[in-house]
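Just so it is clear, A, B, C and D label the chains in written order, and each chain counts residues from 1 on its own.
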Amino acid sequence: MGKKAKSENWKDRLHEIIYEADTPAGKWFDLVLIALILFSVVLVMLESVDTIDARYHRTLLALEWVVTVLFTLEYIARIISIRKPAHYIFSFYGIIDLLSTIPLYLSYVVAGSQVLLALRALRLLRIFRILKLVQFLGEASMLREALRASRTKIAVFIYTVLILSILMGTLMYLIESDEAGFTSIPRSIYWTIVTLTTVGYGDIAPQTTLGQLIATVVMIMGYGIIAVPTGIVTVEFSKQEKNKGSRPEGYPPVHTNTQACPHCGVGGHRDDASFCYQCGAKL
Amino acid sequence: MGKKAKSENWKDRLHEIIYEADTPAGKWFDLVLIALILFSVVLVMLESVDTIDARYHRTLLALEWVVTVLFTLEYIARIISIRKPAHYIFSFYGIIDLLSTIPLYLSYVVAGSQVLLALRALRLLRIFRILKLVQFLGEASMLREALRASRTKIAVFIYTVLILSILMGTLMYLIESDEAGFTSIPRSIYWTIVTLTTVGYGDIAPQTTLGQLIATVVMIMGYGIIAVPTGIVTVEFSKQEKNKGSRPEGYPPVHTNTQACPHCGVGGHRDDASFCYQCGAKL
Amino acid sequence: MGKKAKSENWKDRLHEIIYEADTPAGKWFDLVLIALILFSVVLVMLESVDTIDARYHRTLLALEWVVTVLFTLEYIARIISIRKPAHYIFSFYGIIDLLSTIPLYLSYVVAGSQVLLALRALRLLRIFRILKLVQFLGEASMLREALRASRTKIAVFIYTVLILSILMGTLMYLIESDEAGFTSIPRSIYWTIVTLTTVGYGDIAPQTTLGQLIATVVMIMGYGIIAVPTGIVTVEFSKQEKNKGSRPEGYPPVHTNTQACPHCGVGGHRDDASFCYQCGAKL
Amino acid sequence: MGKKAKSENWKDRLHEIIYEADTPAGKWFDLVLIALILFSVVLVMLESVDTIDARYHRTLLALEWVVTVLFTLEYIARIISIRKPAHYIFSFYGIIDLLSTIPLYLSYVVAGSQVLLALRALRLLRIFRILKLVQFLGEASMLREALRASRTKIAVFIYTVLILSILMGTLMYLIESDEAGFTSIPRSIYWTIVTLTTVGYGDIAPQTTLGQLIATVVMIMGYGIIAVPTGIVTVEFSKQEKNKGSRPEGYPPVHTNTQACPHCGVGGHRDDASFCYQCGAKL
């Protein structure tokens, strides 16, 4: 009679462990998986440091094999425990999971370490899985909502910044000499964006008095323009805050859990849901 | 009986295509024109990159001729399809269009590639035409409105920043030596603005302890002062937002379209307008 | 019967011209004075540029004499046209005016051009006089009011930033080597403030992995902390905005003019004032 | 009959002087202590400057002895004047006070000046004691409250920034060569954070066109993302401001003083408190 008290067979139990985080076993699986993903990301990072790679190459390779074998087992388990494997295999996470698993196998087939490293770097995208567990999803979705609501305003803003950068960049190219680093219009535009966003590397810097005068204008513009996205987002946040207050039954209005449909794999079901909202299968 | 169902002659049809974006043909013309403008801008940029210009000079020149011929045809078409050509020729866009068209012709008359490049760079201003099509003009005008409403406050702010920069720059010139880069007062003021706006190139940096102490003060001032434009714009946006909410018939209150009067060339007519609001000609 | 139609003597008329900006003559005097102050500031700047000074030294010196003579005449006129000269002489502007006038005379008495330049730079402070004419004083006073209201909050903020900088700076000194530029604790604190305020010169930059990790923490802190003054000022501005709206008779509530009392020299009188609000003298 | 008019013995009087700031003697003690802490911090800083240490080593050492002896006396006085010394000794400030006192003694036992300097730097943490006196604690607690209320939002924000930095950093490592400074993935991530937070040292800067294009994207992202913490904090501040207004008896609602319980050492008692709110001892 309990929600999932009596699993019909081991496949269902496996599905519950792998795809959901409501049971103790499911939570443990997720925590171990997150640790493994972070560990694999750290491995990729360490291998990119020449001094570390030179000294511990064998150890790193061995650990890479451990990660690869575990990812392989997880991938197989994910496929056999879902009723419609194709749904998972061709989903965003399915493809990422596959690409995270195969680089080491590929290295025995294909040459070119750079390409394989790029592939292994895709493992980073698995980090997004971690978000699933994050307790503060409510807050995140509120931020996301505010950003979505102001996306046209932000687009107008970025568009203006780009036009401004092209105009000022071209102007600077005409004024400044090659020695100062303004060797081409694209490079001058790059400098303008570096200055307008107040990053200011200093690898390119105006040398002439006129150039420095215009640079000054660009800086003050950049210093003032930053107020625009800030204003947009603040107003949007404050609207969200008000809406939250005026909604009668608290926020978030409907609590969703981490269950995934065993049939079609879709997530985000309501706590009190008995059937999948997409395919109608029993949860 | 339809709004524009029966055009009297080919001139009117041309006018509709070139100056308006309400008909399929007009939309296509605008899209092609935008593509051409962007292409001509990219041409100018590529030609400024020495390595590219050295290898593909002939190709770039040929493409430049294509752009010039198309711009020439467009310019002529714009003149013959409007009833009062002088209105167009001496308008802001009319002058920009002319200046965008002639550089290549001029290069056979006048020497001095730098001047011609500068002229060709004016083509960038044609980018503003693209704005005509942009769907989110409502949002843009709201941002513009907020900035206009707070322009005196922003002027006071910029004025204060400039006075502050002159004072601190002179102070730094008196304290720091020439070796650190503070060779003159204008250059020291330039440094102050670079620091105050948190750009921080690092081409000029204080070396003495006292200079670094004052630099620290400038930085913290700059870090705090940025709050002022941000506060101004945020408050203004939030007012705009409220006004929007309190207006009875939604926003924007009156929908305007991209039609231009065939007589005087003015734009921004209401969707339901039958006569030009400026000269009274039938639309 | 007019407010100032019948001036008793030339001293009163001179006072009206010099200290007030309500009559056409007074306005012209102020405009000429502002032009002269700006011109004298530009002179100081140009003289500091070595290449310009080398070529035009004689011209600059001649112009400097013109400015000095005019400032001397103005200073004398200010003294004789006010009833209580001591009030003016020992006021802030009185001292600045004197210091702006004497450097050239002093250069024939005292040696040491650096000291004299410093004295001439004080002339910059005369710029503040220009503010008197500025039309948007209402806006400026509103900004000033908002900043004053939030000054304790801003003080707490700056205090926190300083403590944080001392702590992180000392930490970086212990971690980073001298080669990276962290040669002493004050210098490391300087680096921390450069980083925390997102200025980032790059003259000092961490080299070790641990140092870069801590630098990362400082940057993200700085990136987030900037929200605090912004939040403070925005909230304060929005309060000011609301107060403005709720005041029954518009803003600013009382219009003041640029008249100055001929007796005690105090300014900021109401438009409809007949007597000085400080000393009771007839205006 | 006065609140503390008749102290039973010298221990109580000492406790009042050291742990409280309500009596003139207590205020003086605090001011002297703050001066001493600041002086000791300045000593540590000066000793870290090589040129100063080389010239004034003996003077600095002597002053260091003075500070150490005074800190030792204070530490002993704090222990004997409190009824439960263990409460103080094992409190946060108790440990900091001990660690601030012992480095010079340790230098005769242990070698390794770097470790001792690190220990002496802990003295900086005593600065927080100064906060006790600060008059604007009400404002500080309001700021702290606002930051605490928005901590989950800020955590989501920092989390997103870190994920973004890892992704973009890895991408830049794959694109840019070692010569530009992108020698490893951790270093590339460091560069990404330097750019995203608009610090922009310039020690590492992209050289390829593609790298500069991605750098541009990172910069504009960083320029826009800064709006998020700003928006969060502003909304939170404005909520705090409203709450303050709606509280019936003003803010802060209850005035606390700097008294500390002589029995258990807890602070923050109400002005009208007669007994310690924690242990019930008479104040």
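One rule holds in what follows: contacts are C-beta pairs under 8 Å (C-beta built on N, C-alpha and C of every residue); 3 or more make two chains touch, one makes a residue touch a chain.
Chain by chain, the UniProt names read as follows: A, B, C, D = Ion transporter.
On a predicted model such as this, the values are computed, not experimentally measured, just so you know.
Peer 1: Under the over-half criterion for shared residue numbers, do copies chain B and chain C use the same patch or different patches to meet?
Peer 2: Interface between chain B and chain C is built from largely different residues.
Peer 1: By the contact definition above, name the pair with the higher C-beta contact count: B-D or A-D.
Peer 2: More contacting C-beta pairs are found at A-D.
Peer 1: If you average the Cα atoms of chain A and of chain D to get two centres, how far apart are those centres in Å?
Peer 2: Comparing mean C-alpha positions, chain D is 34 Å from chain A.
Peer 1: Mind checking the centre-to-centre distance between chain B and chain D? Centres are C-alpha means, answer in whole Å.
Peer 2: 47
Peer 1: For chain C, jot down the residues that touch at least 2 other chains.
Peer 2: 157, 186-187, 198-202, 226, 230, 232, 234, 238
Peer 1: Help me check something: in the complex, which residues belonging to chain C touch chain A?
Peer 2: Touch list, chain C to chain A: 198-202, 230, 234.
Peer 1: Considering the complex alone, what residue numbers of chain D touch chain A?
Peer 2: Where chain D meets chain A, its residues are 152-153, 155-157, 159, 163, 166-167, 170-171, 173-174, 183-187, 189, 195, 198-202, 205, 209, 212, 215-216, 219-220, 222-224, 226-228, 230-232, 234-235, 238-239.
Peer 1: Flag every residue of chain C that touches chain B in the complex, lowest number first.
Peer 2: 41, 44-45, 48-50, 114, 117-118, 121, 124-125, 127-128, 134, 136, 139-140, 142-143, 146-147, 154, 157-158, 161, 186-187, 190, 193-194, 196-203, 226, 229-230, 232-234, 236-238, 241
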